[in-house]
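Two complexes come next, and they have one chain in common, chain A, joined by chain B in the first and chain C in the second.
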Partner chain A sequence: MGKSRYLLKRLIYIIFVFFIISILMFAIYKSMPGNPVDIMLGDSKTTMKPEAYQALYEQTVKSLGLDKPLPVQYFAWISNMLTGNFGYSTQYKQEVINVIGAPMANTVMLNILTMFVVFLISIPLGILTAVRKNSVFDKSVQVLTIVGYSIPTFIIALLAIFLLAVKFPIFPISGVSTAGSTTTGLAAMLDKLHHMALPVLVMSVSGIGGITRYVRAAMIDVLRMDYIKTARAKGLSEKVVIYVHAFRNALIPVVTVTTWWVVGLFGGSIVIESVFLWPGLGKMLIDALLQRDFAVVLTMQMFYVVLSLAGNVIMDIAYTMVDPRVRLDS
Partner chain B sequence: MRKNKKNKRSTASMSAQRVLVGGLPQEEEEVLQSPLQMVISSFVRDKIAMTGVILFVFIFLCCVILPFFFPIDLYYQDVTQANVAPGFGMLKVPAQLKNNAQDISVGSSFSVGLDKDGNVYEWGTFPTEKLKNIPSSSETGKLVQVSAGLDHVVAVNEDGQIFTWGNDRMGLATVPMELRTGGNDIKQILAGYQISLALTGDGQMYNWGSDYLLNITYPEGVQGNIDKFAASTNIVMVLTKDGEVVPLTGKASAYTNVPEEIQGDVVDLALTDEAAAAVTSDGRVHTWGNNIKKGLDVPEDIQGQVVSVTGGRYHFTAVLKDGTVRSWGDNTHGQANAPEGVTVSSVDSGYYANYAITEDGSVVAWGLKGYLMGTDALGRDLFRRILVGGRMTMTVGAIAVIISTVIGIAVGGISGYKGGKVDNLLMRLTEIVSSIPFLPFCIILSSILGNSISETQRIILIMCILGLLSWPGIARLVRGSVLAEREQEFVTAAKALGVREFGIIFRHIVPNIITVIIVNATLNFATCMLTESSLSFIGFGVTEPNATWGNMLTGAQNGQVIENYWWRWAFPALMLGICTISINCIGDGLRDAIDPKSKER
Partner chain C sequence: MKKTRLLSLLLAGVMTASLAACGSQSTVTNNTSSTPASSTAVSEGTRPTEPQGQLVIGTTTQMGNDFYDPRFSNNATNYKTYDLIHGYGTVVSDKEGAWVYDPTVVASHEETENEDGTKTYTVTINDGLVWSDGTPITAKDYVFQLLLESSPEMNGVDGYPSQAGYSLVGYDEFFAGETEYFAGVHLVDDMTYSVTVRAEELPYHYDITYASAMPRPMHVIAPGCDVEDTAEGATITGDFTTELLLETINNSTTGYRYAPTVTCGPYLFDSFDVASAQCTLKVNPDYAGDYRGVKPVIEKIIIKTVKTDTMINELKSGSVDLLFQCSGADTINAGLDLVDAGEAQDNTFFRNGYGKIQFDCSQFPTDSENVRKAIAYCLDRNEFARQYSGGYASVVHAYYGLAQWEYQQSKTWIDQNLNTYEKNLDEAKKLLEEDGWTLNADGSAYSGTGLRYKEVDGELKPLVIEWANTDGNPVSDLLATMLPEAMTEIGMQLNPTTMDFPTLQTAITHSGDKIYNMYNLATGFALASSPWYYYSTDPVWMQGGYNSNWIADEELAAAAEALKAIPYDDNDAWLTAWQNFILIWNEKLPDIPLYSDEYYDFFSNRLHGWESTSVWEWSRAVLDAWVDA
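For the complex of A and B:
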């Protein structure tokens, strides 16, 4: 009961935050250079008679609702956005909704795989270093993780390209599939994975650095607790103590960090996508900004906002799941 | 911790002190230190953190102080110096040539020399590997003259046969038939910017290669009457046998504005990229053209004594009657620092260097030795750009951190102290700001607001965006600490004394939590530097011609650059990497020092 009330409260609050941010975005939308009517009418200004153009212009202004007061415009805009009507892309000459599918799939795939790799490596590594605190192994991992999360991803990307694509050409430098490849099914899938390897590797390095440190710190805190001593005193095997008793409690702080990390991961993949020419949302955002295709820009921005807020919701849910005390919080 | 105590025990002064105070237990000795002293001494003992401090301070001081010694013109570009590898070998004349030199010529980033036996030597940084394919002496016979250009070399042998190697595109390899067969009396040859020129003894001039930049047109009556010529990347000028200077161009420019009074009396001619100099028979130098790099400022005391003059890219060198040399003009690379007290027989100047062959055949060189970290695609010195780039990256990071820390302290302090509705409102605001997706938002803001403002305003904008979006973390931290501190007695005392609320928050509580704030600001500084670099890297932060470590890496995004011009990405990446790693180490060390509990992690 308390749990669901708490979640409901958070949800309502997040919707509130969403509207605040959307107002901010609307302000950006209004301050964007270029008159939307001119963009929509395209070159008809030069081909039509002035009077006819003027009439068409006013008609378009009316149809776009630009003659109405700002609050009305805002509600029209936000309801369009929420119903998937993101506007018309001047770059692709299509509705935005029709062009964002493939890039979104690419980005999500890239990030999910990165997440998978990062968790697969950093959680066991974090636990192991916590258990063997101050050993040589722990010390060297500590140094490596500091280096990993300190160096900007694009430098890691340059190094990775230099080593793994130029000096030892194991992986392709950029792109999403081999040019002119006509393979299908499994072969195409493998080709894509081959292209993904380098970006995933690069994105994983900084993720592993950060998450390992957090898992380690959380585990060390937990391992000092009395209930761990009790568990050991009961004669439980060390495995059970670490993975069942300690790790579950260590998860609480880790959850917070990983949620923020995942949200940041999607933002950070903008840089990686532009280095590896990965046709995802980040690259689309940059291309759209360079081409002044603002409908796409706003849609991308909306995606990142929704993602960030979804991260918040997931964090709340995860909290209530891993920490039974949270329900008393509300 | 334990290790540190051991260290302490081993110091003689400490044990002496312990004897004096009657062998106090170790713990109480620690208590005797003030908290701040404890933090400092514990921090100083942290080896990793101290290494970080030393590295960072070193880089910081380099970036702040060195630009005064290595000034940079951000708008400066020079294609002839593009992608030069790091090294200082440009003036390293081979030992075999040193006392036996016949002719030396300065190329863009390499030089070529000829000894008295006709052997060719090349040194410096080679823009193309093809330059190493020197024709064998069995093929060429004895060479007598040599000239180096941007990326090719032209040479002539005793029989007047012309050879060329190096870059062979744009028709540079297609030497005119009559020059290839030999039997000509070749008076002068010159390898220029994608062009080669040759002059025969009967005053006939030939040119091959690309004349796209120079656009050579011969006025009537000039061919067959040419005595000497000079060329820069902009123009070719000839000196006729009648002592007249004739520009070989159809277009009027500052170069074509030859002073009338010297015509007919000129004995030597030289060109730089912005000016021309002519020596008249009375030994005076006359200059005309542009004076941006001070090429027109001929030293007064040499007037009347000049015998001949040569020109580099932005400087002139003159040989005087007594055999000494003087240089003037641009001196960025020391190319105008002519050696004193040497008597020379001939001088060759080109680009940024000079070689003088003395009467006994030895070689004296001055000018550009090379670049510490190489140059980028536009020929800009990477070392200088890394220095100013570092200054820029750190300035942006520092100001962004100051902005975010001030906002964070204000919001966190008020929110924590006041509590209730104010707290609720401010914390909601904090959550809203922290929900904004950081990097996408920065990109959009800088792209939309940034395209209608000047370069400086743009940099300020980046600082503000970073500062305004990164305060929530510090605000939460300050709020938490204030919540803990506000129930302390000293706050109650301050209240009782009637100190105003603002005074209590900012003059009594904040100083007590300043250590926490410093740690956070340090780590924030690293983050801001990273974000700025990322933004600049993808082209939405600080843009060219201003340098930052991020945008210096922008050009290095393709495999070709990564493979062939490693210095273009390795050095900025190294600096940025070292900086962020050491700041993070400092932050970690500070945190450990302040909260010894965290060290046990």
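For the complex of A and C:
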């Protein structure tokens, strides 16, 4: 009963915040300088006679609904969006739904693989460094992790390209697949994984650095607790003490980070996508902003808003799962 | 050392956001060749008779999923792909950039000047041309294109402009949907069509382009429809509706925009991988050849995106075979290193355009010719081009491109007659004095230091230049270094404002507040260069974006207008009028040309016969080239 009530309250809160943010977003983007219709019509301005261009311009304004007052535009946009009609991209001259799928798939694929690599390495590494606190191994990892998340991603990316694609051509420099490749099935997947290797490596470096330190700190706190001493005094094996008693209790901060990683699966990285020419959501968002393609921008922004709001709820639920002391109704 | 160089190239590339490439004059360029276009390609071998191999072309402009024509997509790489997919236009540009009837397509043509001032072009196409599905191409397909792409039905497909027949008699009524018949278009017989141009569109220097049409596969785009001719003009019969076109053209998976399966160009659309933005084309075995009869012998072309910072490495690694129109010292030097090492070949030519400072000539104080010239005298343009381009650029002195034949034939005349505006602060001060900038802020005679003022309508106005520029633009950075000190010395103040490009466009078009005096931009010359529009004093052409200098100068406008009526084949008259126009332009100085890029194509040793220029771009050059099997 308590959990249901909590979830209902959060749902109402999400809807309220969603609408407030949608109004703010809409107002901000509409107030940006730059004319999306001029940009959409592009070279037509200097390839058509002025009067013909003017007629086309006015027709385009009308067809996009930009001739209506802003409140009317807002209600038309939000009601369309809620019914799954995300609008018309002035940049691609297609429905937004038709252009957003491929970059989203690229981004999600890259982020899932990165998340897998990061957690696979950083959680055991964090635990190990916490257990061997102040050892040479721990100190070495501390230094490396600081370096990992301190160096800007684009520097790591360029170094990785130089070393692993230029100097030792193990991986391709950029792209999603080999040009002209006609492979299918497993061979095509391996080709794609080959192209993903460098971007995943670069994205993982900073992720591993951050999460390893996070897990280490959480584990060190837990390992100081009396119940860990009790567990050891009971004669439990060190493995059981660490992985069953300590790690479970260190999970709360890890859950926070993990939730934001999951939410972030749909967030593209403009740096990674630009350097490795990986057509994803980050580059799409920045391109859309520069082209004043507000239908694309607003769709993506509202998608991120929903994800963030939902992420908070998911995180709360996850807390109750890893720590029975947490109650949603309280 | 080599490692450091590669790494520094990568780093420099990322840190330097470049909007445009470079340009040069003979005093600046590193190119020791005596001609603007040159090539170090040596390994030619024998051109195969049958198509073979594949060519991977790297482009810095990511392609979009749109293959109909430029009116749907503004993407530069897609433009060139249209050239490869869609063919058999009746009028094409040749290797020198001149408009000609394509003899592979056109069996005969006739021009008739009518009594009412209109002009009729009758074109008969050759028998034997076929679509890629084997269907014969007839005059109906050409008339269909003119009707389709002028129709209100097509206008309903994502706002397609429907302007193909804009200059023809009866266009307005046809486009407005007032009649189903296009009076200016006729299907004369199965292989002949005619178009009649409105009197008010004539005379026009490039009037040959009015005869131009390109076939569209009616049986694919409008199945069940037909083209019929009547005394009132040609018409499309059958169930020709926007709904039909939305399905046949705009369907996101099967529409002709996204999957043009029946075409007639040198290459056929094979696939577009949305995930990698990579396009694959295959040779069209039924293609009859370009205007010279040349058929492609590269079996497969793949167009993939590359990044400026790493594209030379991609060429070295073999993941691309051709990089076209490379510019900027970092990229060119890295490419030339590959050429020196025997790992690649190159081809170089000058860009047909230039980077510039563009003045708003309707805005005080750059409405004054003297102020514009004074700014020009503040800048060492040769040094600017050298620093900006690393030596791969040239300086031009007026409204011309180094690839234009007029320039090629006027080099000596240009040297003798145009003002080169060498940096000269004394001359700049003199011009300002003559223009009345002779006062201090308190109204006393100018002291020789500080900001100059001028009395305008009883009010003292300072000599302040508002400059709008875009962020991350190396031209802006260099101008910000080279201009302000000299301008301060002559009593002028430069106020820079940085913004993104859409905001800059708003300022140029006067869509927002009218604030700025100058912008730094780049321009390119179309093959049908029409300066009479760009310097017209008619406000329509200013508001329409053509006269973006907003210059209302009768002398300049008249000099440009004089070009418009000269017959296309009268080169002598054109050249004389052109020289007069650029002489006046050089005097009025609506822009300060800064640099004209020297472009390089870099390509793998397995590519042969590569010859491209700024008027014969890669999509045309690829027909002559071949690759090793």
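As a convention for this text, the second predicted complex is superposed on the first by the 255 of 330 C-alpha atoms of A that agree within 3 Å, B and C clash if a C-alpha of one lies under 4 Å from a C-alpha of the other, contacts with A are read in each partner's own complex, and residues count from 1 in each chain.
Convention: a contact is a pair of C-beta atoms (placed from the backbone, for glycine too) under 8 Å apart; a residue touches a chain by one contact, two chains touch by 3 or more.
Predicted, not measured: the structure shown is a model, and the values here were computed from it.
With both structures placed on the common chain, the touch criterion links A:Lys93 to chain C but leaves chain B unconnected.
Shared-chain residue A:Val108: touches no atom of chain B or chain C.
Once the two complexes are laid over each other on the shared chain, residue contacts for A:Gln301 go to chain B alone; chain C is not touched. After overlaying the two complexes on the shared chain, residue contacts for A:Ala217 are found with chain B alone; chain C is out of touch. After overlaying the two complexes on the shared chain, residue contacts for A:Ile161 are found with chain B and with chain C alike.
Judged by the touch definition given at the top, the superposed model places A:Thr60 against chain C, while chain B stays out of reach. By the touch criterion defined above, A:Glu51 lies against chain C but remains apart from chain B after alignment on the C-alpha atoms of chain A.
Once chain A of one complex is fitted onto chain A of the other, the partner contacts of A:Val275 extend to both chain B and chain C. Of the two partner chains, chain B and chain C are each touched by A:Ile173. Residues 33, 154, 158-159, 161-162, 165-167, 173, 274-275 of chain A lie in contact with chain B in one complex and with chain C in the other. Residue ranges of chain A in contact with chain C, taken from their complex: 33-35, 38-39, 42-46, 48-54, 56, 59-60, 63, 92-95, 98, 101-102, 105-106, 154, 158-159, 161-162, 165-167, 169, 172-180, 274-275, 277, 279, 290-292. Chain contact summary for the complex, chain B toward chain A: residues 428, 431-432, 435-441, 443-445, 447-449, 451-452, 526, 530, 533-534, 537-540, 553, 556-559, 562-563, 566, 569, 573, 576-577, 580-581, 583-585, 588, 600-601. Residues of chain C that touch chain A in their complex: 3, 6-7, 10-11, 14, 54, 56, 62, 64-66, 70-74, 155, 158-159, 161, 163, 166, 252, 273-278, 280, 300, 302, 304-307, 309-310, 313-314, 316-317, 319-320, 499-503, 505-506, 509, 511-512, 540-541, 543-546.
Chain contact summary for the complex, chain A toward chain B: residues 13, 17, 20-21, 24, 28, 31-33, 133, 146-147, 149-155, 158-159, 161-162, 165-167, 173, 216-217, 220-221, 263-264, 266-268, 270-271, 274-275, 285-286, 289, 297, 300-301, 304-305, 307-309, 312.
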